[in-house]
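Letters A, B, C and D mark the chains as written, and numbering starts fresh at 1 in each.
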């Protein structure tokens, strides 16, 4: 039985409490939040769980085995460092830290202390993402060529992070989970309409050595909610619409190929459309799957699906996107070693 | 009665013939296409229109008053220059030319010769775009803040122009028609998957002095067809879905505002959702409206809705987008005079 | 403070417990269910509520003011009669009873004992139905002419009642709430595919003196879930799609009118389409609204929105539908007094 | 080469002319319409086809081999009888006649004269219906249990026939084409809101000996256009949405089965949901397929897909539906020999 303390009972906290409450082999002992009204809400919904105002009451409590941190991103590093130092296993909300440096320090510290450090990229535990991962791994799509994601809606403007740091982690974690290749650079553009230097609309392109490309469109100021992703291979393509109640993943037997027309000195492109297949997906709640994975990995000392390395790669891309936006969209190199040979090298930022 | 010759009877040519056939005060006299099989098709569909193999038979024909050019973009300049030199009025398919230089030369020449030069940006004549123009002009949306367009589908890979030159002119023309402000720069990224240096997926951001931003997502390799545009104001927002049979334009009574929280040193953002309004649109065929506008402007010596200046501005953006793609997404300045004062000037290409 | 006991902790029971838990001025004291595993579920979800196996422990408990009955329909009458006889206020799940006779006996008994008898027609408390009621009352639609409802999906075959008794009460209650006119007859057809004389597909038509008509399509064997209702007036029409996350109610400025063409001895019908309006709806949980209405009506001795008279009228239509199905679709008269004068009277069943 | 004359150039006539123009081995020689303005339209669209005002100019013209009749239903019988008597092959628009008696007389006469009599049930030639026919024939759905059709929109009120005679022939022809079993009876209800005894909303149930059931919902007064059909088997089920541009037919791997629970004296029903498959459909224009079938059957003296027997069965159901509406929804027997043994026989009309 793993005893758990949860720090932060804001927007996401109640979902974490409810799912760790329902998970196996663990017990939610304490929840910390500095706001009285949040602790009152906790008391109504979960009368049997104690609320405390100070996170230290969890971190320095010897009964607690694992700490779940669901506070603003800027506080992740300090809270997690303290908890790891105390020998607690730690689950961090996404994104795991404010910078690559912070994330790497936490990973190193967790390794030293022999505790589990995990990031809650919940989407990896959905039936839809599991199915897409399987389809790509089994080479159903052929060679994958692009991923194109739109995640827009109205509202919940954050005051500490921009729209990419807020919304894109979901989609970048899916990208990193499904696509094995490592990207070499990013470009990003964006704009703020709220007079606070925090972009509410932003666009991110991620570049890969093989020619694979990923693009992300994020906005807090769309009148409609869209959560759509395309993943295209040369054999088949996927449309993933997270707002569909059941038909979330559609596999199109659609592809293209090209050949050289020597005579006309042209490339001829052929394309093909066919049947569509909509696989049935498992419907267990993703957050419960994440909670169970955390507990199981603590017990069995193994790495979770949503590992801290994947979480670090998400932060690496986010950090580079901020640098690119600041430099008016210039390409920012992630891994200089994999930049393609024919690349316009002098244009980039490292 | 204006006598018309149409050059090019490929994909779009039959639509032009059919609509100029139905337009007022004009007569389609000749159609030119070098391909025998295309002229045979013409003979079956329009037995009363003569087909010729050589465009010169139209251009140098003294019975012809106006020439419609629906050939590949690379041939526009030479054909149009000859026709204008002969004193013909000219309607060019979009994009009007391969470069800003070409487009400007044609515009100057037409002015000298006192003939009409017009570009067929058909979408400007749709009920949907007319309604959106009206809503923006009447300040229904408040201050407009962004335009976000997705135009993707499978197929019709072009062998001479990339996907932005092929698909984005529709959406850029709508942008230029609806938004009065002039952009100062663009960023673009893209990729080719067909081994011919012609991007089949590309992303374009257009930057404006006021903070307005426009973004375009274009692809020939999507399994699904999407033609969607969002136009957001701070008072209301529009969703324009061109694939909806009747409910193409939805106006969301959705907005946001911000204020400074002096105490917390934060900007507080408030948003609001409300009713949705779906205006009835006129349903006359857009291409017929374009044809009638061309004829009327020839007769009355006035400028059409889809003017050559608007067409030039479309080419200016496309040319800059190609430059940005070539320089790995670096910002390319369109009009140096309007670059915002706080802009990172040394990053850009002029 | 009203003390509440809930009988039946099956499919719907947990929702009732959760909402009465959240409602004002009441306290859920006891929940009864004969099944051990259901009481265990109760213990996990609501540790502070006592579970009992025998409904009599609630009915004869002097601490209990009001009894909520969420058991199979066939048991409603016996349980409610006992509870009313004990002076308890009673909330019955829909449909309120197995027959008009039973329903009327309960209503009479409740009146004698001076207690509230209410039926849980939850949909009446949704923002969508409240908005439609308002639009009809304010004569926005003009004279209403028809209501057409489809409620189909796969699954949850009942073993005691057919698909009309299971699904149609939702839509009939909405009809009765929105439309003031009283129907005079019904026709119904249906089929069983499960060898148990319980129709899994059925169709119901309800006839009104004014020419208004209502039709209901219900099925447990549809591959897709549909919950759609049309309400047509001669001025405007409503499309109510309960599966839309936000745009549930669309008001079409669509109508028709007719005139007599004396010359051709014909009726000329004119129709008109216009804008569409999608009103914003209140989003409070309907079941909580129902629970609060019950408590408020107990306290203030007034009649709820979802009254027992409305519930009785629902049962009256269901009973007649069963009679019509049994007689191969023959018309069954509900109220002989309002049968139109020109009606084929000898065809009907009374 | 078959010479064709087309009688009636109203709503559907231009489509027939265009497709027979494009069909193989035939030539449209003449088109008849009494209205001057319709013949003018013909002249503009098809300058090479002669228009005549009197149908007799076609019927008694010895150059004409085949006559296509696209006039109001009430005129079908007289025109077709004359044409058949003259030895012409005849293609009738749907429904083929105003009564079973008329339809049977035409069929007998055509047989006597050795000419082809065919009915234009265009939908049978669509890729969607062809695919559904194939799926049912190959027993992909298991035993089929029901067909449920909704065909509603606003407008085109007919002044001579009610909404079932106008819209249901499409769906009944699909039913008759796909389902081999013959129905034994129908029930129908409906209402007129236009003061002319012509129902603008009507509902039709068709009953089959095996327990298969078909239901049709037709309206001219819906604010939205719906063309949806469900076909349910015990193994799989089809959703056919004719308004979808490409994904018209979806096959759900969804079924149910039942068993007897001896102990509880209950039938237990089990259901199952699975993947969805969207087959690619052929996209040739249905009307062209119909025209080619007509010409080929004339030449090869064989029966077309859309045969006059199928057309007669459609009229048989329509005639019975009118009788049922007139008798307030009472069941009307089509074939007394196949009424199930346990049927409430005395309720019905023969």
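Keep this in mind: a residue touches a chain if its C-beta (ideal position, glycine included) is under 8 Å from a C-beta of that chain, and two chains touch if they have at least 3 such contacts.
Nothing here was measured: the structure is a model prediction, and the numbers come from that model.
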Pair joined by the larger number of C-beta contacts - B-D, B-C: B-C
Euclidean distance of C-alpha centroids - chain B vs chain D, Å: 44
Inter-chain centre distance, chain B versus chain C - centres from mean C-alpha coordinates, in Å: 53
Chain D, residues touching no fewer than two other chains: 250, 273
Category of the chain touch graph - line, ring, star, complete, other: complete
Chain C-facing residues of chain D, complex: 145-146, 148, 150, 152, 154-155, 157, 159, 185, 187, 189-196, 198, 201, 203, 205, 207, 211, 213, 215, 217, 219, 221-224, 230, 232, 234, 237-239, 250, 252, 254, 256, 258, 260, 266-269, 271, 273, 326-331, 343-344, 347-348
Sites on chain D touched by chain B in the complex: 47-48, 225, 243, 245
Interfacial residue positions of chain D with respect to chain A in the complex: 247, 250, 253, 273-280
